[in-house]
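Pasting in a structure now, in structure tokens, and then I'll have a few things to ask.
Per-chain residue numbering starts at 1, and chain names A, B, C, D, E and F are given in the order in which the chains are listed.
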Amino acid sequence: MFPNKKVQKAIGSKVQVEMKGDHHILEGTLKSVDDYLNLHLVDAVEIVDGEKLRSLGSVVLRGNNIILIIPVEN
Amino acid sequence: MFPNKKVQKAIGSKVQVEMKGDHHILEGTLKSVDDYLNLHLVDAVEIVDGEKLRSLGSVVLRGNNIILIIPVEN
Amino acid sequence: MFPNKKVQKAIGSKVQVEMKGDHHILEGTLKSVDDYLNLHLVDAVEIVDGEKLRSLGSVVLRGNNIILIIPVEN
Amino acid sequence: MFPNKKVQKAIGSKVQVEMKGDHHILEGTLKSVDDYLNLHLVDAVEIVDGEKLRSLGSVVLRGNNIILIIPVEN
Amino acid sequence: MFPNKKVQKAIGSKVQVEMKGDHHILEGTLKSVDDYLNLHLVDAVEIVDGEKLRSLGSVVLRGNNIILIIPVEN
Amino acid sequence: MFPNKKVQKAIGSKVQVEMKGDHHILEGTLKSVDDYLNLHLVDAVEIVDGEKLRSLGSVVLRGNNIILIIPVEN
């Protein structure tokens, strides 16, 4: 299964995403993903040092600025 | 709905955009967006620490330097 | 009007461009732009803290390292 | 053998990957790779100063934010 | 004249190139350029604070990591 | 000769490569290169302040994170 298929399989589930920039970690429910790994998350929260810092709600993440994506198991 | 469609739906509404660089946050009314997520905002303001720092007016943002886009609900 | 058209409309006028890197701001007259938002500016000056630091003359800017472009009204 | 073929040959084996960002090194078993060098690793761990810092499990790495990939010999 | 044509016109002449990374400025004679603005310079020198720091000889620069290109007039 | 051809000509020879990130310099024998300037090096070493810091062996470098490539003359 190619990396982008692995991400598509996580649609409807929680993912954790590390972005470029200030040690940015976001967690949310994955609504959609395209071929560039642009992501649409809902109920997204920003996480700093393991703590929820801020609720972002619905957010679109630009794929080329994603470092890594971790499906969150429940 | 793919991530870029989610952004297109925000045309005419306010969006908040986090750019690469100096913790750059911009807020403005989305006029247009293309497939690279290049954005054209009007009435854009630069926001630092939650305060409006500077009015930029009409501004074009390069898509690959966008970290994330948040539609602002009113 | 798509974002790149907005930039094309500024050909012949002054634009301010924020680049990645050291808080780099350039101002000059836009001579040409292509689909990648690569820009050719003439009479370009580098601006630091609102002061003109250095004249660069004719300069080509790589589109993917542009953060944002602001048409300068006169 | 082209660079991406060299990476494909490592499928099923351990690789060490250096990412952009905070001196990020990840080690895991390579499950898949695509033409953009997006990687899917399983049993991934984050390594800081030669020590395993954190277990990440299954993780997708965005290719354009990879600095280098080293196949780990056993 | 599109930005890449402006660069092609400088083949055989000196150019100054600012790269991403450590305030990297390179000066050399432009031998070739492609559509991605990858550059081949000869007699290249690295410049720091306006001083020639190091001779690099023949060097290939990756286009997407170029901030700007200035043709050097003699 | 286009920049990528200049790099292809160095196959089988030593090259020095400056990467994005922590002032990363790598030296090794170039085994292969593709159109994105992804490189496969063997007998690669990491160089810091002109000293060999670490042997990496066989390594794949992501082209878009390469700043510059210098063929090393013997």
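Methods note: a contact is a pair of C-beta atoms (placed from the backbone, for glycine too) under 8 Å apart; a residue touches a chain by one contact, two chains touch by 3 or more.
If you're wondering where the values come from, they're calculated on a predicted model, not measured in any experiment.
Visitor: What's the fewest number of moves from chain D to chain E, given that each move must go to a chain touching the current one?
Guide: Between chain D and chain E, the shortest chain-hopping route counts 2.
Visitor: Find the chain most remote from chain A, comparing centres computed as mean CA coordinates.
Guide: For chain A, the chain whose C-alpha mean is farthest off is E.
Visitor: Measuring centre to centre with CA averages, how many angstrom lie between chain E and chain F?
Guide: Those two chain centres are 19 Å apart.
Visitor: Let me have the rounded angstrom distance from the C-alpha centre of chain C over to the C-alpha centre of chain D, please.
Guide: Here chain C and chain D have centroids separated by 37 Å.
Visitor: Using mean CA coordinates as chain centres, what's the gap between chain A and chain C in Å?
Guide: The separation of the two C-alpha centroids amounts to 32 Å.
Visitor: Which positions in chain A touch two or more other chains at once?
Guide: Each of 20, 64-65 in chain A touches at least two other chains.
Visitor: Chain touch graph shape: choose line, ring, star, complete or other and state it.
Guide: ring
Visitor: Since the chains close into one ring, what order do they take if you set off from chain A toward chain D?
Guide: A, D, F, E, C, B
Visitor: Along chain A, where are the residues that touch chain D in the complex?
Guide: Of all residues in chain A, those touching chain D are 1-4, 6-7, 18, 20, 23, 37, 63-71, 73.
Visitor: Under the stated contact criterion, what part of chain C meets chain E in this complex?
Guide: For this pair, the touching residues of chain C are 19-22, 24, 26, 31-34, 38-40, 56-62, 64-65.
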